[in-house]
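Just below sit the structures, each encoded as structure tokens.
The following pair of complexes shares a single chain, subunit A, combined with subunit B in the former and subunit C in the latter.
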Partner chain A sequence: MAHVTGVQYEPVAEIGGGAYGTVYKARDLESGQFVALKSVRVQTDQNGLPVSTVREVALLKRLEQFDHPNVVRLMDVCATQRSDQETKVTLVFEHVDQDLKTYLEKAPAPGLSPGRIQDLMRQLLCGVSFLHSNRVLHRDLKPENILVTSQGQVKLADFGLARIYSCHMALTPVVVTLWYRPPEVLLQSSYATPVDIWSTGCIFAEMFRRKPLFCGESEVDQLGKLFEVIGLPPEDEWPTDVTLSRKHFPPLLPRPITDFVPEINEQGAQLLLKMLTFDPLKRISALNALEHPYFQDEETLT
Partner chain B sequence: MTLQDKLTTAAATGNTADVEALLREGAQVNGVNRFGRTALQVMMMGSTPVAQLLLERRADPNVTDRSTGTTPLHDAARTGFLDTARLLVQFRADPQATDNNNCRPIDLARENGHVEVVDFLQSQ
Partner chain C sequence: MAKTGFCDSKPLLDLHKKADERRAPLRTWSNACGPIERWQPVEVDESRMAPVKMEPEHRWERRLSAQTSEGILMGFHEDSFTHSAADGCVEEEEEPVLLYPHGLQGLPSLQALVPSLLRHEVETALEKLDLIWDRAYAWDMFLDMARTQTRNSFPTADLPRHFTDLTRSVLVDWLIQVHELMHFQEETLYLAIHLVNRSLRAIKITTVNLQLLGMVCLFLAAKMEECLLPEVSGLCFLMDHTYTKHQLLRMERKVLLGLKFDLSYCPPLHFLLLLASVARCSAKAVWMARYLLELSLLEGQCVLFLPVQLAGAALCVSRQVLQEPSTPGGEAAWCLASSVHVGSETALLRIMHILANAAAKAHTRETCASFIKFSSPETMQVSRHAGLKNAPGLLGVCT
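So, the complex of A and B:
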């Protein structure tokens, strides 16, 4: 990551921003293709870049060597020294010009076919499983960063950046959506790979509904909304390391998931419930989800 | 961010409601952002709702990129979004336009294996 950003990548529009830096849609002047430039400002000292940043970038580059079909390509990494104290690290990712949000919005009534949903879900879980097997959490899966090519290929974006950004994000609160967040994150308990499975479950439901499953306006509101569907968990599943008490919520019983996702088939409903499981230790893994009977009968793609 | 910058950001992220609201607020459909690009040039190519809205509001479909000479139809063809390519042509994008490498949209579609787009552009 030694070379300096030349004129190879020309920004054409800002597509994301936050406390940590800015994301641009840019054109690679060599290939003519669009790319996504993600910059992060990093504090430096006489030893250069912080070890944590170098380690994260090395991890992303290692992932890249697998050339996995369901994650976006990391095409380049550039570091530009801005001053003695600050270096700008720019990650150049493949840009796919359609996200799942748009893909769902575009689908004519009555929505995506069961076969299309099964195919999207298989690819999505393959991508998540790949990240998890390399000990990378996505942490912020949502329809906006699940990309779908014109050929229907799913590619996950925005993974593995959380730790590079985290120290910067603490400085300025960034508005992020709560809708795909699992209960353990909402409760500020410890978390690991099951976070991404919860988000994937929410997205699975959304593929049928074409609107989000849980639309909370605050952490507590979001928890209340998800208990209305999965029921209030038993006392022994409530994490012990959190401040918010279980007594804060009404004693709701689980409701049939098909009340909320009526178009889903029986196997799909079973899988969805295994993903939307309160206890992260009991939640299904990406690898096991791919083995679920829901994926056994190939539905016709239309 | 200026109104034009906001419009191009909304278009590039496929946010139809924001594009609509910004146009209502007075953003110019053919105005350029701080990078010298219009909304149609940077839109999320797969977002037919954004493409439709911009074109209905008279976005110029034959605007060329100042660095590469490509038109929106070149980008739709290269990325393989048939519905967007159809819309652009319907609103009089020139299928024979050539970029700085002397490529037409159909050449880029062919190069990237987008058969349906090739067939469509051939029929034009």
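So, the complex of A and C:
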């Protein structure tokens, strides 16, 4: 039986607020370990707990069974009724002190070694591939919700926006943080698993650069920034179901990716370009990315 | 869910041409527990290799599959699949088999062929059943199904003392009727009964609240599976207002907490449709198996078995009862499908006996919702098939 949150977990500090609720760092009074509490206030109507909550929590529980090394552990789920109209569902996750953003900031002067980046990328793609094979889109991949343990293990976190993927589902237009958003989301076209690959590509570049690759200020600005690097896509690749016209952008040619990520090796640059492909259908999948020669190349380990 | 396409009689590559010679090796392969000779060195090598050498996405899978000791997939080694993903490989490996169609010489090559062929067939079937959305992940998904289901059986068939198997079957029978009335998907029924089985063991339920529990489990299953949900007031109406809406919602929370929100389930139905698709079963054989599988929900003993075993047994009984004329292609396809479900021969026979007995008596029982449901023309009136009365006899059991 789940415990009442107030009793078993003692909040220590607020970690941050998200679209769905606040996250707290807390101590598990039974084990003494730190945990991350994510509370969601759910409006209940005459039909009880909403379908979305039931499905999402069940999905998290299902993913948990696989015990994947690159996904953050869900340790417990509690539900307390606050009133007839509101139930508080608390998800108890393992607590990892450091996210990738801090990890990159803390790395000493020349930045991470090529071998370290290769290892982080492999783990990151393993996690993404696991989610995708389970019909889950992360949809909000960014350095802030990629956790790195003190042993250097990567763990994907914050599935607040994850949903069981379904083609018929109405996908909300605003999901991925602007800088890591793929063109199809910026253009408000339809999207699927390739969204996470684009974001992963941006993060790949950021591991070398130690600053974000595309820092747009608006959707259009963001698109302009990414066309400066990958070039303006040909007419036939431009999605037909969008309002924004291709003519809106200057006819830019792709520039060598090494101009922006000079430290990357040749195989890495190839892989990065496959992840930062404009057409989501032509973008590499997580599974195929893991088989890319970049990961076979052991010289980067030295 | 589309119910068409399971029965197409597309030949199974070239395998069926020499079905007679191939049958024995296939059976041998499917029943062999240890690694296949040819693959053995590979297996040993790889398990000792440094993780760097391995394909990274398989690292954790291997570890997990080692824990799945049930042997659902006999002689099944993920390592042997790593090279044979593409369809092209199937064709490449075909040649050696055709060179040695007789005797044992062909055995290693055939054994090497079966896994890739099975993989190809399983992927195609999953695609046809609309259970996947990206073929690249089909095999992973199938392995997930095989792993997940091991959590779905129970160590004992014992219920809390104040419930008997009969009480439970009366509840299940009632839920089958409500489910039909609501026009829910079949998956919803299987999930609902699974939640009932778990709840009865996880939380304290009084006899008075048994019906309420059943309804809440069906409601939660619908929340997981259905697009359109019934109103809670409608559910209360179906229970003659024995319980209030408030009681129903309180029970919902109790069940969710008791089950810790873990509502995932791999229904035997998916394995049945998958196996039937690989085995190229006729439409009638599939309906018959679906009927038999639904009868398993009423049998308390059936909670002991894995979904894939229940599905396999239902198909076996279905084939025995219908006695459809066999074709070499059909036999080869069936052998290939058998290599998935043949876990323990004893378990399979036990389930087959339970199902055959249940089907023979179904029309005389009070709990006959499934019998009536499957006597309709839409279901090809399988429950009224004359052969079912003698089903236990067919299996060599007198009752």
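By our rule, the second predicted complex is superposed on the first by the 273 of 302 C-alpha atoms of A that agree within 3 Å, B and C clash if a C-alpha of one lies under 4 Å from a C-alpha of the other, contacts with A are read in each partner's own complex, and residues count from 1 in each chain.
Please note the rule applied: contacts are C-beta pairs under 8 Å (C-beta built on N, C-alpha and C of every residue); 3 or more make two chains touch, one makes a residue touch a chain.
Treat the numbers as computed from the prediction; the structure is a model and nothing was measured.
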item	value
Contacts of A:193 with subunit B and subunit C, given as first, second, both or neither	second
Which partner reaches more residues of subunit A (counting touched residues only), subunit B or subunit C	C
Subunit B versus subunit C as contact partner of A:29, first or second or both or neither	first
Partner chain(s) touched by A:282 [first = subunit B, second = subunit C, both, neither]	neither
First (subunit B), second (subunit C), both or neither touched by A:81	second
First, second, both or neither for A:62, with subunit B first and subunit C second	second
Interfacial residue positions of subunit B with respect to subunit A in the complex	1, 5, 8-9, 11-14, 16, 33, 35, 37, 41-42, 44-49, 65, 67-68, 70, 75, 78-83, 99, 101, 108, 114
Of all residues in subunit A, those that touch subunit B in their complex	10-16, 25, 27, 29, 32-34, 97-99, 101-103, 105-106, 144, 148-151
Subunit C residues within the subunit A interface of the complex	52, 55-57, 59-60, 64, 133-134, 136-137, 140-141, 144, 147-148, 151, 219-220, 223-224, 229, 231-233, 245, 248-249, 252-253, 256-258, 260-264
Complex contact set, residues of subunit A against subunit C	1-2, 44, 46-49, 51, 54-55, 57-62, 65-69, 76-79, 81, 87, 122, 125-126, 129-130, 132-135, 165, 167, 193, 285, 287-288, 290-291, 295, 298
